[in-house]
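This is the structure, below, for whatever I ask next.
For reference, chains read A, B, C and D in written order, and residue numbers begin at 1 within each chain.
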Amino acid sequence: MIAILKNGTTPAQTEHLIQWLKNMNLDVHVSHGHEVTILGLVGDTSRVDIELLNSLEIVETVKRVSEPFKQANRKFHPEDTVIDVGGVKIGGGHFAVIAGPCSIETEEQITEVAMAVKASGANILRGGAFKPRTSPYAFQGLKDAGIQLLLKAKEASGLPIITEIMNIRALELFENVDIIQVGARNMQNFDLLQELGKTKKPILLKRGLANTLQELLMSAEYIMSEGNENVILCERGIRSFETYTRNTLDLSAVPVLHELSHLPVIVDPSHATGKASLVPTMAAAAVAAGTDGIMVEVHNNPACALCDGAQSLTPAQFDALNTKLRKIREVMA
Amino acid sequence: MIAILKNGTTPAQTEHLIQWLKNMNLDVHVSHGHEVTILGLVGDTSRVDIELLNSLEIVETVKRVSEPFKQANRKFHPEDTVIDVGGVKIGGGHFAVIAGPCSIETEEQITEVAMAVKASGANILRGGAFKPRTSPYAFQGLKDAGIQLLLKAKEASGLPIITEIMNIRALELFENVDIIQVGARNMQNFDLLQELGKTKKPILLKRGLANTLQELLMSAEYIMSEGNENVILCERGIRSFETYTRNTLDLSAVPVLHELSHLPVIVDPSHATGKASLVPTMAAAAVAAGTDGIMVEVHNNPACALCDGAQSLTPAQFDALNTKLRKIREVMA
Amino acid sequence: MIAILKNGTTPAQTEHLIQWLKNMNLDVHVSHGHEVTILGLVGDTSRVDIELLNSLEIVETVKRVSEPFKQANRKFHPEDTVIDVGGVKIGGGHFAVIAGPCSIETEEQITEVAMAVKASGANILRGGAFKPRTSPYAFQGLKDAGIQLLLKAKEASGLPIITEIMNIRALELFENVDIIQVGARNMQNFDLLQELGKTKKPILLKRGLANTLQELLMSAEYIMSEGNENVILCERGIRSFETYTRNTLDLSAVPVLHELSHLPVIVDPSHATGKASLVPTMAAAAVAAGTDGIMVEVHNNPACALCDGAQSLTPAQFDALNTKLRKIREVMA
Amino acid sequence: MIAILKNGTTPAQTEHLIQWLKNMNLDVHVSHGHEVTILGLVGDTSRVDIELLNSLEIVETVKRVSEPFKQANRKFHPEDTVIDVGGVKIGGGHFAVIAGPCSIETEEQITEVAMAVKASGANILRGGAFKPRTSPYAFQGLKDAGIQLLLKAKEASGLPIITEIMNIRALELFENVDIIQVGARNMQNFDLLQELGKTKKPILLKRGLANTLQELLMSAEYIMSEGNENVILCERGIRSFETYTRNTLDLSAVPVLHELSHLPVIVDPSHATGKASLVPTMAAAAVAAGTDGIMVEVHNNPACALCDGAQSLTPAQFDALNTKLRKIREVMA
C-alpha cells in the first residue's frame, strides 16, 4: 500500500503518521519525491482502514498496490475455478444453463417447468421459495413448502437445483439444495456470508444494485475466507438513472471479473432487464462477453397467456434461445 | 391502483386480465377512454405485484393511487410520531443530538467521549461494537465486549445509547441498548427487519446507498407491520458518480420523508461526507432542512492528532457545532 | 396523454384544469373512475409540458400514451432505416466497422492507420480533429489541419470518414466529411442539432453520459424534425458509480433502441470501457446484442509500444477482432 | 503529478515511459520504492492526458498532486471573489436573491413579477427567453422578443437581469443582460464557454446533471482562461436513481466548492426538486450550507391558480421565504 502525503506536511506530522502505521505492525518505507513524500507500507495491510487513512488531512491519496481480495484473486490462482454442482460443472469452459420459474407455486408447475427446460438443454433448475419483496404485504414465497416442491422437481427431472436463502436460520432446509443463492440485497449481509463460508455448498453470489465489482469480490472473499471456495459470481444489473429497463445490465462485469478473479461468472438477464423481449438478446450478448452461464426465468402457465409479456420466457422461447446460444458458444470457443 | 391498457388491446385480452385480477379478490372497474382502457382495482392491492403487472405486454402503465406503505404513512397518522428513548424524545419538535466514536475501543475512550459530548449538549451516545466492513480482514469491532463497554459509558454518563445490530442472533446483547441501529447495507435484510419488528425497541433505520425514499418507507413498514412502531428514519448519503464526498447527502430526503410519513428523520453527515471539514456545514444544512436530529462521529484521542482530519470531529469542534445548531433551530422554530 | 387526478380534487379544480388544457387546443375526455378522475387529452400533446402538468398539486400522475418522438419512432416507420455513407450502408442488416485513431496526429499516422484498418475489414475511417477535453489546457486536436489530413487519408484509402463537430461555425470544414459526429457532451446542444438537421449529412449522435434512451431519441428527433433523417444512434457508456471501467456500457440500449426506433444503432466499446483489454470482448457482446456497427479506436505507433495498454487496439488486435466478429454475425443472421 | 508503476514493470518499459514523458517537456523524478516504482512528473502537467496515462498497462495509478484548475483555485486566490452585477454584489458575504418566472410570457407578466420579487427582497431578476427543451415540439421560449420584454422589466424595476444563452450566435442580444446563464446541458459545450470567456460579462455556470464538481471547476476554467474571471457557480441537482424529486440536490457541493475555489456559489432549489412544496425548505438548507445566493422560480398568474402546485412559488410564498432566509443568514454570520 502506498500513501502519498500532501505538499506542506511537516516532518513532525510525517513522523507521527509513521509511528501510527508502525503500531499496526507495518513496515514503512519513506521516499521523498519532488513535491510529495511517499510512504510504502509493507506487511498485512488488509487491516488498514483505507478510508480513514485517505481522510487524514496530510494524506493526498492512498492506493493499494495489491488488491484487497486474496482467495478470489486470479493472481494467486491463475486457473479458472471449476465448480461441481451435483455432477454439473460450471467455469473453465463448462457452461451452466440455469432456468426455472421466478416463484415455486405448485408441484405440477415446478415439475413441468423442470422437465421442459431440461428438454431444451438447461442443466440446473431454479425456483424461488423465499422471495425478498420490497413490501411486507407482498407474497413472500411458499418458503419451507416451496423447498419441498423444488426437491420433488429435482427428483423428477434429475436436475440439480438452486434457490435463495434469506436467513441463516433456514440453513438446514437447504441440505439437499445444490447451489445456495445470495440475493443482491444480501450481498453485504456479512454475517450471512460468513455462515455460508462454513458450509461446503456452492454459493451463487449476486452483485448488489449499487455495488462495485471490487465490493462483489470482497463479499466472495467473506465466504472463501471461512473455508468455502465454491463461489459463483452473478451479474444481474445495477441501478442507474435509466428507467426503460428495470436495471442496467453491466456486461463489462464479465470480462472484468474474469481478469480479476478465477471464479465463474453467471449473468441473469431476466432480473436485469425486467422484460421478456430483451432476455434472449441480452443472454446472447452475455455469452459473447464470455459468461460461464446464464440464469433465466421460464414459466409454464398455459392458463395465464398474459404472463407472456413479463420477464419470464415461455418454454418455447427458452428452447429457441438455447439453440442460438449454442451456436454462439461454438464460434466463441 | 390504476392499470392503463395499451391501445390495440383486444376485448379477449382485457377480459383475461380482468379475470386474473378478480382471482386476487380485487374488484375491477373498467373505463373505456379515448385511445386507452383504464382498469381501477379496488380491494387489498398491496399483494399485487406491480412489476409483474407493469411488464405485461398489454399494459401501458400501472399506478398506485395510494402509497404502498400504510403504518408509516402520514395520511393515516397526521401527527408527528414522538419516540421516547430512555427519557429522551425524538420527533415532533424534540431534537436528538447523537454523538460518539465510530468504533468503541476501550472503556476509557468511550466513557471520556460520552462525558465530553454530554457536556456539549448531546443527548444520546453512539458507538460501534459490530462494524460492517467491506473486507473480511478488516477490524470488525469489539462485538460483545464493545457492547459491555458502551453500557458502562451509559451508566457513567446517563446518556441513552445506540449501536448497530448485524445479526438477529445477537439480539439478547441489545437488551439494555436504547436504540438499535440497522445499517445501510441491511436496509433490505427483510428477515432482520421482521425480527426487530417483534421487539418494542426504538429502531434507527438507515437508508441504503441505492435505495429510494419509498423503499426506505417500505422497510420501515416491515418493522411496523410486526407491531413495533418505534422507527426512526436516517438519511446518510446515497451513492452517485461524485467521488469528492464519500456519498452524496440527499437532504431533500428530510422534507420529503416528513411529507410522506409521521416518523422522525435523522441525518448523519459524518458517513455521508466522509470529511470532518464538511460535517458542521452539512449538519447545519440538515437542521435548516428540518431534521429531527443529527448523528455525528466524535473522537477523543489526544494520542492521535492525525485523526483530526478524518470524518470524526474533536470534542471542541463538536461543542462549537452544537452552539451553532441551537441558533439555527431557534430561528427555524 | 392521460392525466390522473388525485382523490379529493374538487369539481372546481377539475374544471379549472380542463379549461387550461382546452386553451392549448386539446380535447379533454373525462372518466370518473373509482377513487380517481382520469382526463384523456386528445390533439397535439407534444406541446404540453409534462413536467409542469405532473407537478400540479391536484395531479396524481401523467402518462403519455404515445411516445413523444415521431420521426424516429418505429411505430410510424416499421422498416429499418438504411443510411448510405459514401457507398457504405449502415442499418437493416448492413454492418459498419468504424475504426481509426483517437486523435489525428500526422498525415503518415492517419494514412497508415487507414490502410491497416481497411485491410482488416473496416469500412469507415474515424479520427478526431476537434477534441472535447475537460481541461482547457489539454490538447484540443489539430482542428482544421486535422480535417485536411483526414481528407488525405480518405483519398488514399477510399474509406468514407467520420469526425466530430463541436461548433456549428465549423460546418463548412465538414463538406467532404461523410458522417458528422455529435459527441456525448453535445447530445443536448439543441441549437447544434437543429443546424445539423438542416444539412443532409449522416449524423452519428452519441448518447450523453447521463441521458436516458428516450432523451437520445428526442435529440435524434431534433435533427430529423428539421428535415435530416440520416441519424445513426451510438451507445458509448453511461456514468454510474462503478469506477473500474471508464463508463458503464449499457448494451441493453441496442435491443431497446431497435424496439423503439428504426434508426441504426452503433456501439463504441473503446470510450465505454477505456481499456484495450476489454474492447474485443465488449465489441463481440455488442454484435450479439444486434448492433448495426461498432466504432473502435486503433492506433499505429511503432515508436510508442507503451500505448498498447491504453484503450486503442493495435492493428493486429483489430484484425483478430474483425475475424471474430464476422463469425458471430454469421451465426446471428 | 505522480505515476505509480506496477510491480513487475521491466526497466526497459520504465525507461520507455520516461522518454515518452520527457518528450512532453516534463522532468521525471524516479523513486524506487518497495514493490513499486514512482515517477514524479514536474513541469506543465496540464497537457498530460491523465486517462491515457492511467490506462497504460504498466501504470498502476496516476494522481495529480495539484488540481488541474488554476484560475478558479482557491490556493492561488485565497480571498473570495466578489462579482459586481449592475451594482449588486455576489460572493464574499454578499448574498444574491435571484427570482422570476421560468419563462418570459408577456410584458405584463415579467414586469409584475419583477416588481413583486423586488418588494420581497430579490436583488436580481431571472426569466427564460431561450428555453432548452428535451422535445423539439415543446415551447422553446419567446427568444429575441423575450429578451426585449426582460429588458423592459429591468427598466421598470431597476433590477439587474439574468437569462440563459444557448447559442453563441445570439450573443449580441445579451448586450444589456447583466448575467449570462449557461445551462446544465451546456456545461461542457466548450466552444460556448470559450466564447463567453472573451466577454467581460458575469457568467452563471450551472453544474451538469452528471458532472463532478471538479468538472464544473474545469468548465469555469475554460471561461476564466480566456480572460473573464466573473464566473458564478450554480448547483441545481444531479441525476440519481431517486425519482421522487426531479433531481438530487447535492448541497455538499456548496462547502466543497468553497474549499476548492474562490468563486461564488449559488443554489437553484426550484429545478433541483421540481416541487414548490420543497423549495423553501431546500433554500433554507442551502443558506445554512453557506450558499452565496439562491435562484428561485416565482410566477404571478392570478388566472392560473393551478400552477401553485408546480415548482414555482407564488409571490406570497416567496415573500415568506425571504423573511426566513434573512433570519438564518443572521445567525450564520
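The rule is simple: contacts are C-beta pairs under 8 Å (C-beta built on N, C-alpha and C of every residue); 3 or more make two chains touch, one makes a residue touch a chain.
Note that the coordinates shown come from a computational prediction; the quantities given were computed from them, not determined experimentally.
Engineer: Return the chains shared as contacts by chain B and chain D, ordered by label.
Structural biologist: A, C
Engineer: Please report the smallest number of touch steps linking chain B to chain C.
Structural biologist: Minimal hop count between chain B and chain C: 1.
Engineer: Which chain has its C-alpha centre farthest away from the C-alpha centre of chain B?
Structural biologist: C
Engineer: Rounded to a whole Å, what is the gap between the Cα centroids of chain A and chain C?
Structural biologist: 31
Engineer: Between chain C and chain D, what distance separates the C-alpha centroids? Give it in angstrom.
Structural biologist: Chain centroid spacing, chain C to chain D, equals 26 Å.
Engineer: Between chain A and chain D, what's the gap in Å when you average each chain's C-alpha atoms?
Structural biologist: Centre separation, chain A to chain D: 39 Å.
Engineer: Going through chain A residue by residue, note those that touch at least 2 other chains and give them in order.
Structural biologist: In chain A, residues 210, 239-241, 243 touch at least two other chains, as defined above.
Engineer: Going by the contact rule set out above, which residues of chain B touch chain C in the complex?
Structural biologist: Touching chain C from chain B are residues 2, 4, 7, 27, 29, 31, 33-36, 38, 40, 42, 60-61, 63, 65, 239-241, 243.
Engineer: Which chain B residues qualify as touching chain A in the complex?
Structural biologist: Those residues of chain B that touch chain A are 13, 16-17, 20, 44, 46-47, 49, 51-52, 55-59, 68, 132-139, 166-169, 185-186, 188-191, 194, 208-210, 215, 218, 221-222, 225-226, 239, 246, 274-276, 304-311.
Engineer: List the residues on chain B that touch chain D in their complex, please.
Structural biologist: 210, 212-214, 238, 240-245, 248-252, 254-256, 259, 272-273, 277-278, 281-282, 284-290, 324, 327-328, 330-332
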